[in-house]
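Each in structure tokens, the structures are laid out below.
Common to both upcoming complexes is chain A, partnered first by chain B, then by chain C.
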Partner chain A sequence: MTELQAEQAAVVPRIESQSQRSRYRDVLIALAAFAVLAILPMLTGSKALLDFVIRCSAFGLFATSLNLLVGFTGMVSFGHGMFFGLGAYGFGLIMQRSGLPVPVAFVATLVITTLIAAVIGAICVRLKEIYFAFVTLAFQMLIHSTILSWVSLTGGDQGLRGGIPRPAFFGVDLSNHVHLYITSCALLVIGLLLMRQIAQSPFGYTLRMIRDNATRASFIGIDVWRAKLTIFVLAALFASTGGIIMALFVSGAYPEFAYWTISGEGIFINMLGGVTTFLGPMVGTVLLLILNDTVTRLTEYYGIVLGIVILFFAIGLRKGLMDFVVEWYARRRDGSGE
Partner chain B sequence: MLPLDLDALTGCLASSACLVTQTTSGFIIGMLLFLVAVGLTLIFGVLKVVNFSHGAFYMFGAYFAMTAYQVTGSFALAMLCGAAGTALLGLIFERVFMSRVYGSDVLMQLLVCYAFVLIFDDVVRMIWGPEFKSMGMPAAFQVAPLFIAGGVVPPYYLLLIGVALVAAVILGLGLARTRIGKVIRAAAHNPGMVSALGINTGLIYGGVFALGGMLAGLAGALAAPVRSLTPGMGFSVLIESFIVTVIGGMGSILGALIGAILIGMIRSFGSLGFPLFTEGLMYLFMVIVLVSRPTGLFGKEVA
Partner chain C sequence: MLEIRSLSKSFGGVKATDNVTLDFADGSLTAVIGPNGAGKSTFFNLITGALKPDSGQILLNGVDMAGRSPPDIVRHGIGRAFQVASIFPSLTVQETMLAAVCADQRRASVLHRRFPLAETRDRAEHAMELLGLASKRNRTAATLSHGDQKLLDIALALVLDPKVLLLDEPTAGMGTEERWRMIDKVRELWETQKITVVFIEHDMDIVFKIAPEIVVLCYGRILATGTPDAIRRNEAVIEAYLGTEHHAGAAV
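On to the complex of A and B.
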């Protein structure tokens, strides 16, 4: 054994114990976050605030899952919103048509999403950069057109109306606002924790390698196509979960959920929050929703205000808020160390 | 599963009158799309930027033309105003904003464009109001339609197709034969070398953006008499011209022409056979083309 190999052998267990420790830390943070969110309804009677958190859960899961593709794997998907819509419509239709219990419908929706994402992904992930973006966009619009034209199933441009039945299960009654709120928070925290595990796993680092240099990754024996397809399907599952939360929240599903603007907003949220940190998209979600709510209340020219804010981020900061904060913090720490 | 009306489609294919009418309307859609898409493809070819706000130029072209027509009453002046106004707008947009994000992330460029889609739509809403507007057919073209093989063809449609074809020929020859065309192609290939030879690449970039904006504005101005004008009108055109450029191959002018005509025909005949799924048909076609030829029908290499 050379000196170098001996050194590497010593390093490996240390890294493993470190990743073990960071996993415990993540779980602790997740539990603490969930506890804070769960206490919230007892502290405030504000329904608007709880609504806001539910919407944050739906879009946060969606945006963070998009970041697994955009930020971690370098796959700029312009059609990720189709899985958001698919989740909302799939879940809504199963509940309306079959009357299955909520958890069963939830799992069934995820199974359907897996199948469709696998087929679409198998076609798309082979393509490079801008072409991948366009084909995913095309699939998104294909699904949107199908929803609009398949009136007998989806209700066309009116959407799924008449409400989604929400029978109670295990003592959880989703038609109760606080129960719905707690369930959304739980789904959000569990979803984020799972995605964090994916991002920190060896597979997550494989994805980063594919992003940085796909050719080199394939030279050292990584099946790039399979890795990309896997993360495409996994990200679709979390986006679909976001859609399910949305369907439960509005008790329906509308074609806008599958329209390309949802994907556009997802990309925008990612840029707003920053793609280099795991929680960047979550920060972006909160920012965009606050911005949305205040601007629409203040002015009818929502587009101009939002446009100027985007320009500020894109041309002024040139990065997302979390990227900016992290870099600023790092610079300050280095500065004080000198 | 999907609502289709194949009887209407086969019935139309059997009658020459219907065939002529549908083909002309397919050409109209195609030619307008071509004018927008060719600017998109040119900007992408030279600047490597996907101009997501290109639909806004189409929209401004239409509104400029309508205002000019209402003020002066001259159709030719209206067309000129539509084209020249958007050319200027394109130049300013490129020099002031887009030139700052060259070389940075594709996402940043898309974001700047997305911001301007939102801003431009609201600017139009502020100036011209949110309601549907219409320019009205100019008096010179309010004549009886022509009958070709039993099909009805308004003379204005012929003018529209003619103008678009002339623009295509001038653009194609201009890029292939003239000195400026050579410089533009060289800048697309190797901007560093072109700049080292003492040519102002910033000027070329601005010029190409202005040219692209002008063509989209011309399309908007030509469409103004036959379409209704709304603040969101640029968007559907943008999506369709994206499909056109992707099908034809990013950066290829011939590809844009063929792609635009194909999409025009799909829209025109698809609306007979698949009334609710016409859009879906276009996306399906795009998926098929991209999966079999990822660079599009006339694309040379992956950029």
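On to the complex of A and C.
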């Protein structure tokens, strides 16, 4: 056996065991994160902190799902927020009008989201770059306009009023604040774990290939349109779940949930946290919500402060926070390795 | 066997491929030459589905490929490498190969398992070894030298186990020494893999040295086909493309 062959023989099993280990490691991290979040209500009586985590769960799922499109596939969607709004309105309407159990309404909302995302995606993913971005934005505005104008169904600009019924299921009572908190955390952790699996699966690498060079991907047998449509729909499902959490949190749904600014915030969160690491959008979510809560308390010129922060990351760091940290750590490690 | 029948493609009033009929026998090695704008790359683009022909047939073992999508054509066994290395810059050499095999095994959409899949490793390893890229497995494609990027591009086509391999100027942008290394590699692949290889090349020294069959295209039409000796002696080819440097007398 040559030296090269011996090296290869050693490398191949290492690859497999590494990929298995990475799956177990992710599950363990998810369980540990959930355990920490779950004991938080026992450690603090701060309702504001629990509210903060619930909002982080909603926007974290939304932003991370957007990164499946932006960071992993190279599809910058300006309209991803429509699925956040669809989730909130879909779930709210089903609960208000049908009286179905929460889990059934949850699944029904995801089914509706799937259907709508498949139709919109089938049109949008054929388009490239800026055309894709603007057509997704156009669909978002179409859905927002529909919500505003279909007053009998959606309540128009007043939103879904009267609260969302939240009957208990399997011992879970979502009208109880701690139960809602734990459920939101569970949805966040499960959602992140599923998205991590997508990112690290063969399909995740197909997406990376499409992002890097879609033409070449098609010349190795990949159906680029189908792969893009699949990730568009999957990302919509996680965004919709974020919307459902938000609807449960505020016990209603409002047109702002489907407005273009939600998509803008998603892009901003990704810029803030970084798109090259899986947890970048989650970090960006926490940063944005902290900024939101503190800056709005301190000044009415909230937009100016956020603009300066964007400029700092875009021009100063030229990348998101997690991208910067990971690169800095890699440089430091390589430096000490030498 | 790859059979091209009356293949035509026009862009506006320009006939880029004009009623081309050609046969490429199984296991043959053929060079496609011609002046700039002769329609060589268009010819490859038509065969691989990057362009749809206006008329004609592209028969691979009797099955018409004309008008099919690139993924469909690849799955039938026609692979290609590009004039400018077409790779995935952020992936390592090994990830590129493993992901390509995944695609070929119709596992590109698998969601429930982790990358890389065990069943893809042997073919990926084999392709990296064949192209001499095994020692660079952990390098990202963007950091490879130009020559290695071209090799990776060819490896991407080869790892799919094609029946026909189309190489669009495999030596483009290389220095003299690197060119010969590349073309030796192409010849070695042809000899060891027993596949049909068709390549576009501008360096006539290379073409006459390694290609048993040559096709000359000019203004989208076939000007001549034949052995290197026959092409060297062909007056029309000398006038349209070769000039006097490579004709039979000069070669002697």
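By our rule, the second predicted complex is superposed on the first by the 324 of 338 C-alpha atoms of A that agree within 3 Å, B and C clash if a C-alpha of one lies under 4 Å from a C-alpha of the other, contacts with A are read in each partner's own complex, and residues count from 1 in each chain.
Basically, a contact is a pair of C-beta atoms (placed from the backbone, for glycine too) under 8 Å apart; a residue touches a chain by one contact, two chains touch by 3 or more.
Predicted, not measured: the structure shown is a model, and the values here were computed from it.
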| item | value |
| --- | --- |
| Partner chain(s) touched by A:D212 [first = chain B, second = chain C, both, neither] | second |
| Which superposed partner A:Y301 touches (first chain B, second chain C, both, neither) | first |
| First (chain B), second (chain C), both or neither touched by A:V76 | first |
| First, second, both or neither for A:S19, with chain B first and chain C second | second |
| Partner chain(s) touched by A:M42 [first = chain B, second = chain C, both, neither] | neither |
| Residues of chain A contacting chain B in one complex and chain C in the other | none |
| Residues of chain A touching chain C in the complex | 4, 7-8, 11-12, 15-16, 19-20, 22-23, 197-198, 200-206, 208-209, 211-213, 215-224, 226-227, 230 |
| Complex contact set, residues of chain C against chain A | 48, 50, 69-71, 74-75, 79-80, 82, 86-91, 94-95, 98-100, 102-104, 107-118, 121, 125, 129, 134-135, 137, 156-157, 160 |
| Complex contact set, residues of chain B against chain A | 1-3, 50, 97, 100-101, 104, 106-108, 110-112, 114-119, 121-123, 125-126, 239, 242-243, 246, 250, 274, 276-277, 279-280, 283-284, 286-287, 290-291, 294-295, 302-303 |
| Chain A - residues contacting chain B, complex | 70, 76, 123, 126-131, 134-135, 137-139, 141-142, 145-146, 148-151, 156, 260, 264, 267-268, 270-271, 301-304, 306-308, 310-311, 313-315, 318 |
